[in-house]
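One chain, chain A, appears in both complexes that follow, with chain B as partner in the first and chain C in the second.
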Partner chain A sequence: MITGTMFIDPSRCIGCRACEAACRECDTHKGESMIMVDFIDRRESVATQPTLCMHCEDPVAPCAQVCPAQAILITPEGIVQQADPSRCIACRNCVYACPFGVPKFDVEERLMKKCNLCYDRTVQGLQPWCSQACPTDALWFGTFEQFKDKRTGRPIDVTGFGTQDVQTRNYFVLPERVDKLDVLALLREVGAPAEATAVREEAWVL
Partner chain B sequence: MSVNKDIFEPDRSFNYDLQTENRTFIEWHEADRVPDKLVDTHCAFCGVQCGMYLKVADGHVIGVEPRDYPHNLGSLCPKGVVAYQQVEHPDRLRYPMMRRNGRSSPLERVSWDEALDHVTSRWRAIQAEHGNDAVAVYSGSSMTNEKCYLAGKFARVGLRTRHVDYNGRLCMSSSAAAYAAAFGIDRAPLPMPDIELSDCIVVDGTNVAECFPIVMQWIWRARDRGARLIVIDPRETPIARTADIWLAVRPGYDIAIVNAMLRHVIHTGRTDDAYIAERTAGWDAVREAVEPYTPEMAERVAGIPAERLLAAAELYARAKAPLILHGKGIEHSTHGVDNCQALINLALARGMVGKPGAGTMMLTGQGNGQGGREVGQKAAQLPGYRHIDVPEDREYIAGVWGIPEAELPGEGAAATEMVHLMASGEIKSCMIMCSNLMVSLPDNAVVQRALEQLEPLVVIDFFMSQTAELADVVLPGTVWCEDEGTTTNLEGRVIRIKSAAAPPGEARTDWEIMCAIADRMGRGAFFPFRTAREIFDELRVASKGGHADYYGITWEKIDAQQGVFWPCPTLDHPGTPRLFTERFAHPDGRARMRPIAHQPPAEEPSEDYPFRLTSGRVVYHYLSGNQTRRIGFLFEQAPEPWVEIHPRAAEPLGIHDQDRVRVRTPRGSMELKALVVPTVRPDTIFIPFHYSHEQSVNQLTNPAVEPGVKIPEYKVCAAAVERLDVAPATGGAAVENLTAENRPAMFPYTVGETKAAAKPQRSAS
Partner chain C sequence: MHRRTATAELLAILTVIVIAALIYVGSRGLRDFDAALIGYAVGTTFAAVGLVYRYTLWIDRPPTRRYFRAGWRHFLSWKNFRRYTLLIPKAWVTDIFAQTFIFHRGALRWVMHMAIFWGVVISLAVTIPLSFGWFHLTLAGQNHYRIWFFGVSLFTFPLGTPMAWSVFHVLDYTAFLLLLGVAIAFWRRSHDAGFLATQRFGFDLMPLILLFAIAVTGLALTVSSELWQGRYYAFISLTHEVVVVTWLISLPFGKFFHIVERPATIGITLYNTVNQDAERSAGGSPVAGCARCGAELPSRQFVRDLKATLDDLGQRYDIGERGNLQDYCPTCKRVLRGDAYFQLMQKRFL
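For the complex of A and B:
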């Protein structure tokens, strides 16, 4: 029984794509990555974010719900599997139904492909390749309790799309609400002169 | 950073593979092969040396599996995941090559006998006519301790030349000299898991996220426990992005910031006076020297708001276990040693060096950058961190090697100086191994002229590099997992590299090649090695009693306790993960402090060259890129260099994002793509350095060196950026701070001249 799930913390992502490289090493889809890393907006920041299947729980797996061939199966642990090659009819309903834009359609193989949380590994008690490789723990695999015990940040498993909320097996991690350093308070504490504590509207660099 | 690849881009490739020089793709083959064994070894691609398993089937390396090792905990960066793909790469050199009819003839396949006979007969002739020192060895650090050790012995015993140095000169020589002078031992004082214990981490001059991705998890563990993070860097790197305080320093001016932080520590009474009195020397002069460094003065010099600096200083001053991590950003400088010492002063004043999770930690960049610099392939150094000027050190090593002390050559030229000796004709021939000078040395037009003077230039490599293209003889070497041996990672942890495959074609390990050449030079009696293990056992003896004492380290012990930290003087000694917990390695047990004054870089912007150019790494490439540019996945992410420029600077120049632009310095110019982003200082531009030929940033960089250790100032020079439709200006000058009068003295040195900086004092114990 797989008890762990994925926690995705974009603030820790350094955009190194070790997860993409690692995903390609998985024997079930060697050479292809089912995880994507993208810049949020490189013109503003170096911020990046990994995207992988969130394994929707409620509503359960929109991709599976719209599959006319029942090719997308869900394990008892709630892991939504890639389309079964013997059933997939290449209609691409899943590609359009997914709120996160995860399933990929392989035109040559006429098959939908996506992350199945490294089922072959996780079922044996190992981590998925991506979180195992992730050098910063931006991708982190474990239980909710383990996460709360070890990490800061707010794990969120509900994502809103307009009026529709989707609850997922995987979590996004948002920053703590009150963790930002109050520089002004700090300066006041060290008794910096009054003019220094006033907020200077200048750039971060002189 | 990688290229910005939109997932909707029609040609975005999700299927990557090996990439050969001419960029043809090769299909994945037999992806479902099942490994018949896992080889426990380590990644080769940086100083962290992450543990990994290589999957092997029928003697072929087919993949990688995570390995839970104490410092990487199973994680790997993208380089580590795909490192195995070099092993069976189609570009591997498989047989010796030689230009049979001089420079203008092509490199053609020859037998080992023909290649080695040619090399040794030329060397005998050169040495007979011009003396032994006319042949040089330029080595590298990205190989096992056994090979690094043998490179030093090969030069001094096999060739009897004084000229041997290695590419770590370009990497760790600043911090090595600073730590040796301050603490008496040149090694990071802490193991990586200690980072978690810190409650305030200062990162100065290193883009940890891209250069040491694996270190990030330890930093985040500390932050999860409440640690603050301060980053000093001219660019908003991925680690600076989430830092509590980011100080966007003007490149080359870190000392002003560090001294101002120390001044704040003093003024708020947070110095550890008992520690200073008991464990350090030189405090009074330092205290006086930092007094002028007010936050306002630092603002003026380093170009960062004084308030930010004050906030950073306060966080550092109030922390219980502040830790400073530093890297090439401050070390690639004409005052690199001083930059490190300024940080050491700060940590010592707070009494932090020697405490768990606190103090200072240098981040060694290259694969075996730590081991490579202590086993005796450095110009002034003998194995075990012994110094070549010290009579008893010479006597001991001559004894181990079985030669009379008088036959052991003296100190040779540093790597950066060798080039000038080649150009002037003093060095007639050179053997280069594990190095790609044409990409890695500054101002590479001069390097090319120097290498073209050599006859013969001998290069050992496993891929054709830009340097090997110039060679008269190219000998095929092995990649890391085709040999047995040890390396020493950035913590000082000696670890085992294990063989997973046989070398391809006629390729041989570097140590076998050196032994074969030594034999042909009539010195075979000194190189009787049949296995790497035998070399390690000699290294153990040679390092015995030295600072970097490996005597108690055996391959079995490394396997049994997951690495052994040197010094490890006896067989029953467990190794030393934390240094300086009770005393420093100087005879009086005290650490040395030294007043450090702010100094400008050698070259500063002028009207003709208004920008500061700094160079650095991307996460996908390793050193000169000769390996990683050949691995499709890594190449795809960062296929060519670019120049990062701030929108405020780009706009008046009419430069838009993705435009091709020209970057000029007083030494040369190159064309590349502009990345117009606000993540770099407006007065600074950045170019990654992993590329060769016309894409190499080292066509532009300044060859000025640090006076003591001769490390080049890669991290700042004056530059101009312009659109391609602007006619390139000629002439013009930058502001020169290194003049004929204060330019560093170059080789040759008088005996003892380099000893103070490079040689730790002998410990009393």
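For the complex of A and C:
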């Protein structure tokens, strides 16, 4: 039984991509990384953030709910697994429904792939590869109580996407004063989107 | 919920009536029906009823219903038929018969799946008509056998030839195919650390165990009649029947439901191709693009349908003046969230 969960603190991410390299070691998706490290605003800053599956609890796994083939199964511990290869019919609903931008789609294999929270390791009491490799604890694995004992910051499991709040199994680490990561309100503080100059960043370490 | 189950129950009852009628007609008023195979006939009917019931409930789920209706609407369009005449036959060959996408997942995996797929499909193509009394063999003269299908004589063949041996032992061939596929599957599932952690006994292993038992007991029937002078035949025959009927009854509930799910992938291919081509020809520009970076999305219709599906599920990701979260590609969704977080942290990272 997996009791731990992931605590993600993007402010500690130094963009080393050790998590991406370590993720490729996972036996459930050998050789491919299911964690993404993105530059937030490459023109202004070197700030990066890691993204892995948040394993949504409420609403339960939007990716699984929009799957027409019921290919995405959820374990009793609340781990949303990648699509069952025998069922995935390659529609990509999950890829575009996920509010966190997590699932990947392999065109040739006709298969959705995503983070399984290193199920092969976590069922044995080990931590996932990404947190194992993270040198700054931007990715930290443990129970809520262990986090409160050892770390500072407020673990928050609710992310607001405008009209939709999503409660997740994994946590973001936010300042003490904050109740949820309210994406729309914060984007309004950022100001108008930089439309034409928005650049799609490619991974610079493969 | 009640309407959904009522429709499924009605279709399940209709399935029984249609199968019973086809058994009666195909076996010439039960004259060609082999009473010894009645267990298989009942098991097959049960499997068909279960599959129809579950399939009806399955296609009524919001995401499935939307694709099911759009897929059939595109398929039944004369305009699409003229424009995409070869698209569906090609998709059947690559996705269903050759399963090339599995080859990209791994060559050994493809060999395994092809062996199991063709082993099961050919076996069912032989045994279902046999157990329903549609296939029927009679002596034609002293040295020939005649094959009947639905009361119509198909052809005769001489006894004691390799062809006759093959006709009588086609299920032995498919049993060897199954054993090859099942052996590879067991080898993979007992050596792969990923499988060892994630596989479930009932969903992933039990179907393989049943297929193995079917193949072994089926081959044992041949061994009994050819090498053991018919000893243990009755026991082996009963065991084989129990195993096969158990497998048939499990079809609607377990992993093998993907056999009837898989053709939906052809509907998805048609849906995406038709929508993309229609939007390209209408606008003369690329299909839908991400609201932030312009990266190609599957199609505008896809995005509309996805939003409608999420709406049906009670989810709405309206992000104010920036539109809807589903208007963005996965990368930009992550960057938007990063922007918000960066703002929250007053742009002070480590």
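Going forward, the second predicted complex is superposed on the first by the 175 of 206 C-alpha atoms of A that agree within 3 Å, B and C clash if a C-alpha of one lies under 4 Å from a C-alpha of the other, contacts with A are read in each partner's own complex, and residues count from 1 in each chain.
We take it that contacts are C-beta pairs under 8 Å (C-beta built on N, C-alpha and C of every residue); 3 or more make two chains touch, one makes a residue touch a chain.
Values in this document were obtained by computation on a predicted structure and should not be read as measured data.
J.: Applying the touch criterion given at the start, work out whether A:F100 contacts chain B, chain C, both or neither, answering first, second, both or neither.
T.: The answer is second: A:F100 touches chain C but not chain B.
J.: Looking at chain A, does chain B or chain C touch a larger number of its residues?
T.: Looking at chain B versus chain C, the one contacting more residues of chain A is C.
J.: Scan A:A47 for contacts with chain B and chain C and give back first, second, both or neither.
T.: Both partners, chain B and chain C.
J.: Now for A:K150: first (chain B), second (chain C), both, or neither, which partner does it touch?
T.: first
J.: Can A:A18 be said to touch chain B (first), chain C (second), both, or neither?
T.: Only chain B is touched by A:A18; chain C is not.
J.: In the overlay, answer first, second, both or neither for which of chain B and chain C A:S33 touches.
T.: First partner only.
J.: With the two complexes superposed on chain A, say which partner A:T159 touches: chain B (first), chain C (second), both, or neither.
T.: In the superposed model, A:T159 contacts chain C only, not chain B.
J.: According to the stated criteria, A:P135 is in contact with first (chain B), second (chain C), both, or neither; which is it?
T.: Only chain B; A:P135 stays clear of chain C.
J.: Of the two partner chains, chain B (first) and chain C (second), which one does A:L186 touch, if any: first, second, both, or neither?
T.: The answer is both, since A:L186 touches chain B and chain C.
J.: If you stack the two complexes on chain A, which partner ends up touching A:C91: first (chain B), second (chain C), both, or neither?
T.: After superposition on chain A, A:C91 lies in contact with chain C alone.
J.: Could you tell me which stretches of chain A are touched by chain B in one complex and by chain C in the other?
T.: The overlap between the chain B and chain C interfaces on chain A comprises residues 11-14, 27, 30, 36, 38-39, 44-45, 47, 101, 104, 136, 181, 183, 186-187, 189-190, 200.
J.: Which part of chain A faces chain C closely enough to touch in the complex?
T.: 10-14, 26-30, 36, 38-41, 44-45, 47, 49, 51, 59, 62, 65-70, 81, 85-87, 89-93, 95-104, 106, 108-111, 116, 119-120, 123-124, 136, 159, 161-164, 172, 174-175, 178, 181-184, 186-190, 193, 195, 198-201
J.: Which of the residues in chain A come into contact with chain B in the complex?
T.: Listed in rising order, the residues of chain A that touch chain B are 11-18, 20-22, 24-25, 27, 30-33, 36, 38-39, 42-48, 101, 104, 127, 129, 132-137, 150-152, 181, 183, 186-187, 189-190, 192, 196-197, 200, 202, 204-206.
J.: Taking the complex as given, what residues does chain B use to touch chain A?
T.: 1-2, 4-7, 14-17, 28, 31-32, 63-64, 66, 74-78, 80-82, 209-210, 213-214, 216-217, 220, 223-224, 228, 236-239, 241-242, 244-246, 248, 268, 299, 303-308, 310-311, 314-315, 619-620, 633, 637, 657, 675-679, 681-682
J.: Of all residues in chain C, which touch chain A in the complex?
T.: Within the complex, chain C contacts chain A at residues 58, 61, 63-64, 66-68, 95, 101, 104-105, 192-194, 196-198, 255, 258, 261-262, 264-265, 268, 292-293, 295, 297-298, 302-303, 306, 309-310, 313-320, 322, 325-326, 328-345, 347-350.
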